[in-house]
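Before we start, here is the structure in question, set down as structure tokens.
First chain written, first letter: the chains are A, B, C and D, and each begins at residue 1.
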Amino acid sequence: MKAVVRHRLFWPAVMLVVLLIGNTFYSPSFLKVTLRDGHFYGSLVDILRSATPLALVALGMTVVIATAGIDLSVGSVMAISGATACLWISELGDQNAVGGVLVAVALALLLSLVLGVWNGFLVAAIGIQPIIATLILMVAGRGIAQLITGGQIITVNSSPYKVIGAGYALAIPVSVIIVAVFVAVAAVLVRRSALGLLVESVGGNPTASRLAGIKSARYIWIAYVFAGLCAGIAGLIFSSNVSSADGNNAGNLIELDAILAVVIGGTALTGGRFSIAGSILGAVVIKTLDITIYTVGVPTSSTLLFKAIVVIALCLAQSPAFRAKFARRRSAAEATA
Amino acid sequence: GGADESGSGNDDGKLTMGFAQVGAESGWRTANTKSVQEAAAAAGIELKFSDAQQKQENQIKAIRSYIAQKVDVIAFSPVVETGWDQVLKEAKDAKIPVILTDRAVDSKDTSLYKTFIGSDFVLEGKKAGEWLVKEYQGKSDTVNIVELQGTTGSAPANDRKSGFADVIKADPKFKVIASQTGEFTRAKGKEVMEAFLKANPKIDVLYAHNDDMGLGAIEAIEAAGKKPGVDIKIITVDAVKDGMTALAAGKINFIVECSPLLGPQLMDLAKKVVAGETVPQRVLTEETTFTPEQAKAVLPERKY
Amino acid sequence: MDEILTMRGIGKRFPGVVALDGVDFTLRAGEVHALLGENGAGKSTLIKLLTGVYDIDAGEIRLDGVPVRFTGPGQAQAAGISTVYQEVNLCPNLSVAENIMIGREPRRFGKISWSKVRQHAGALVARLDLSVDVTAPLSSYSIAVQQMIAIARAVDVSAKVLILDEPTSSLDASEVQQLFALMRRLRDDGVAIVFVSHFLDQVYEIADRITVLRNGGLVGEWAVADLPQLALVEKMIGKELSALERLEEQGRPSVAALERGAPLVAADGVGRAGSITPFDLTIHKGEVVGLAGLLGSGRTEVARLLFGADRADSGTIQIDGKPVAMRGPGTAMTHGMAFCSENRRTEGLVEELTVRENIILALQARRGWSRPLSRRRQDELVSKYIKALDIRPADPDRPVRNLSGGNQQKVLLARWLITEPRLLIIDEPTRGIDVGAKTEIQKLVAELSDGGMAVLFISAELEEVLRLSHKIAVLRERRLVEVLENDDAVDQDRIMATIAGGNP
Amino acid sequence: MIDVGTPGTATAVARVPLSKKRPQKRHIPVLATAALFGLMYLVGVVSYPGFSDTQILLNIFIDNAFLLVVAVGMTFVILTGGIDLSVGAVVALTTMISAVLLRENWPAGAVLPLVLLVGTLLGLAMGCIIHFFEVPPFIATLAGMFLARGLCFVISDASIPITNSTWTGIADVRIWFGGFRITISVVIALVVLLIGAFVLAYTRFGRNVYALGGNQQSAMLMGLPVARTRVAVYTISGFCSALGGVLVSFYMSSGNSLHAQGMELDAIAAVVIGGTVLAGGSGYVFGTVLGVLVLGVIQTLITYADLNSWWTRIFIGALLFAFILLQRVVNRRT
């Protein structure tokens, strides 16, 4: 029991449960999942589905943060990826051609990889501080995305493309399946190979890692490319979900949510140890919070305040120092009582 | 008139206009920019364009720079209504006339700008409400309305909300059961609508502050196994092409137009202002509303 | 003598470890009190509890008879307790002068007078006979110099209690003498000094009383005269000394015999402007080459250039007779080199990783990310070296950060041993390691070289260098001045003479 | 003071050769940034007529006075190795509270200290949460950002004009010299800047800030007041944000929840461009000034360049990249 309470993901998990239960007071059927039109339907499904882009971005961000870096450009990469795919599809003679859609997807992902390589180049090869290096792409990338879309929202009418973000397979949202598989593969790859260890070492102590013969530049580079890929896939899911590409708004400010998810998941921003499962849980908590706000009907003018209070509560619950002080105060109170 | 004050841009006698755009935050805005640029070219006006990326301070900087560059006339779409007095005074001191587009400023000193051309967001909200009232005339059942608001704190969101509320509050059968921001985007519109659909078993009407949120919501409604436009009536604002297509297809029931195409009107006004002619303080853009039938008719030549 | 400080029944537990349990400690004015014990016995923890770095779980501390409980070193300092902690704890980004003076800078109307700061610090280091530029950043100096600077800072705070946690671990003989002179002077002025060290000779030279800890418990307190060295060692390790055999003078092969073949590594005119003059050095299979020299004489720099940690700007390195382009530690490792840095905290360990991960790091780096060591192989290797080096606690999944200083050093050594190098470069491997473990490590080095491994051995302890090396390279002022064959003619005096520049 | 005595003749003395004296070595990054800023300005002068007008240069100060103040506060935080994401939101909150209170006819003399106090207290609270509860700065200040923006919307989701005569009076003051003008805000910003630079270089507190950024553990073991220093930098940043907010309300004569969106990134970028390392421990306030000026010049170049919306962003990114690349090259050379 003690071990469970002390687990680093205990408090985020508690927060998730509290939010879910809280929702059922406002909407009794909140936890109900039914089968409708041959697929699962319900708020829980919505939460998972709408958390997919954030979870992916947080996954990439986790690895980057483990190298003691940060990637602000993920939102822009998402926008570029979605815009590229939609532009390509919109030029197709037959938007429903699976081949054409696959080419579009491949193209978008390739471009995301290239953008990751660019970030990695600035950080690992030139040695620019990550926050500034990725700020460049964050700003310019939005411009590039808008350049691709011509500043308009590109709407596509392609059922194969729509499957990625809004479709169902085996009654489960395809996007959830994609993300689950991708995360699982990434987690296995990272933990079963030595990648995880070497990345943590590079982030934990770069000097020592160098002297231990680790080529840190290589791993830093891999991390940014991976983050680029994650953001790229997230961009596809995001744009496919609404069958359109919005160069300006897609992925806007998602970097903050992703970083928040990573930290809630127990990965320190100073680099080193990282937890993929934690970040995914963090992403789900954040999305649940968003959905809660809609369900409970928090007035728009108070949504941010509500979010702030939840985040502060979560941070304090997670802080061992806070719990220690609180416990001491309580035991002192009991003693005097 | 400012043409004789000599400026960098008008040695050739051409009129120079500095245009400080809000940004490129939506397709509507891009259409607006395009309209201004094309109209300027057509009218033989040299246009200096700058994009403020939704930041008021950037817009102020841009206007300052136009004053320094000694353009003949300045036009801009204020990011927000407040806080322009200072820079407008500077423009006035430099004897450069200013035209506001799209949105007003709330300055008491109306001499700071020559004229204002743009839509009336409150009126748009009212038109949406009036259609609703008419649609449900004679029925007494409660009408459950959900509202997708624009970006929290933005003028169109505030005004479209209040205009709509003003009209429907007369009849107690209209009930706004949920109202949340969809940040003017499709993705948010869809996400919020999904939650609305689960939390509220009976929704009769959706009022979205722009087409994009409405289009996102339509996807959510369809995924919930309902028919947009039939099971849930949908009213939106803007009338961009995608919205009009959905309207023509019957997925949206009513769209209040908010036209971005004010370029030609703006150029006319600019010429008059520079020539010293008097112009009205307030020029409304030519706007209308659309029902599905009207949409079908105008859709083929819809440009944006 | 009046008791200035008493600690009674001190207890402290960390998750999973009882670091201290019911320990008493008494300090009197005007004494040098040695606090001794094996690695992990709890010495540093006791000091940190005293100065308020950690909260006490049980027990009482009295200073001048008054119960005290500090919430941090700042408070302890204000109460007259000045401490040099085990690892150098200064700010590398600040200048030397600032590190000495920070928190007590001379001011006028609240404004720091930088000229006075420099003046004061300059005078202080000059009196400690350190020739450093006080305006240079601390990070530009070697660990040993930094250690001296930390001591300078501590003694400059006029205190009634001075605590030195392994201050001599990286100092060479002359620095140690200087430090002792300073300590005697302070003691005579009535300052009470706590001295932690694994050098028992030093303890007998300077200390008045001894307190011994073992496994977090108190063994006892003695006056130095009452506790012969042999008995002391038994108290510390808790068993008969016989288990701790001395390193026998086995018949070692002569240098001539070793150097019959081609050298394993040959450096020819290797140098780096500003840090070391080009030098020549050959190391053969099975040979132990010792590097001797004073603080900052360039020993570490020689090692770093050979390993490719720093880029040489002149000369060539040949391995197995073939010139090698040293592109970095990776290159050196593929040629079978290993380098155990003297600076374990900043250049050695990845603190938040576990013992296991730290140990396999170099081997894994050499294999690349795609060929992970299997968990079984890891367990095998790690437990073998935990046992061989007696790393305590013997739990491979504990974060290395929570190990005591000496045990951390062993982890670092283990990291390189499992790569089975052909040339092992070890820079100060016995720093901070207790008597038992030190002999173990020396034995290990001798065994490894018998087994054919070449070793480049750097240590501030001349005795150790002399005992192990076949050949000794002497450095002076960042120049390799002589390579001596370690035959019977060579002794400490001979080397000291070379170090000092020929005049004995 | 302890007399160690003269060194014994027998003891060999470590004579470490002094590294060649290059007193300005640590200033090189800042000097390089200054030179590159000059270069950038020259590019503007050469490319656009009218750019050479000195008033353009002064306008950069006028238009960025509030960013400068906020960035000075941010410099303190980053020097300790922390970060403060709440600054933009605190700026907005300050404008909002000022506008509301002034609309309710509170005297300006009461509103001004009150809003400064609010910002300072917010900073203090975040500092306490960060230090005593060991919540990572990034998260604590992110929550602070949500909180401050959230409060803005609660106060009002429409923008509120400021018509108070004292307020607008101060905002309208122009200080003329030799045909050029600056605003009071510029003067305030410069004063804040000088105080900041002085505090960092010449007070114990300032040096503790550097020590904390160098190594927090060491700073604690050296007996420095870590808690006080860490809480203080966030308090200072809170104060600077509030003051920045006041300057924004001068600049835009209004309170608006949407003011200063993304200003935290601008401030961080300015600090980092100015040569301060995000890990903390090294950097100067004057570097930050240069960082602000670089961003200002980029923005000014944009308004002259007559760019399309998306090209604006790409151009900003490209200029930032060019600048940082050059900066790297210059600093690596030396």
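In the analysis below, a contact is a pair of C-beta atoms (placed from the backbone, for glycine too) under 8 Å apart; a residue touches a chain by one contact, two chains touch by 3 or more.
Remember, it's a predicted structure, so these values are computed and weren't measured experimentally.
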| item | value |
| --- | --- |
| Selected pair, greater C-beta contact count between A-B and A-D | A-D |
| Farthest chain relative to chain D (centres taken as mean CA coordinates) | C |
| Mean-CA-position distance for chain D and chain A (Å) | 30 |
| Euclidean distance of C-alpha centroids - chain A vs chain B, Å | 33 |
| Inter-centroid spacing, chain C versus chain A (mean Cα positions, whole Å) | 45 |
| Averaged-CA centre spacing for the pair chain C and chain B, given as whole angstrom | 71 |
| Shared-contact residues (touching 2 or more other chains) in chain A | 146, 151, 300-301, 303 |
| Where chain D touches two or more other chains at once, by residue number | 153, 157, 309-310, 312-313 |
| Residues of chain C touching at least two other chains | none |
| Set of all touching chain pairs, with the criterion as stated earlier | A-B, A-C, A-D, B-D, C-D |
| List of chain C residues in touch with chain A within their complex | 307, 309, 328-330, 332-333, 339, 341, 346-353, 357, 360-362, 364-373, 415 |
| Contact set on chain A toward chain B in their complex | 26-27, 29-30, 36-37, 41-43, 46, 50, 146, 150-153, 155, 166, 238, 241-244, 246, 248-250, 290-291, 293-295, 297, 299-301, 303 |
| Touch list for chain D against partner chain B, complex | 49-50, 53, 55-56, 59, 63, 152-153, 157-163, 168, 171-172, 248, 251-259, 261-262, 299-300, 302-304, 306-310, 312-313 |
| Of chain B, residues touching chain D in the complex | 8, 21, 23-24, 30, 33, 48-51, 53-58, 60-62, 64-66, 68-70, 79-86, 89, 106-108, 152-155, 158 |
| Residue ranges of chain A touching chain C (in the complex, touch as defined) | 192-195, 197-198, 200-201, 204-205, 207-215, 219, 272-273 |
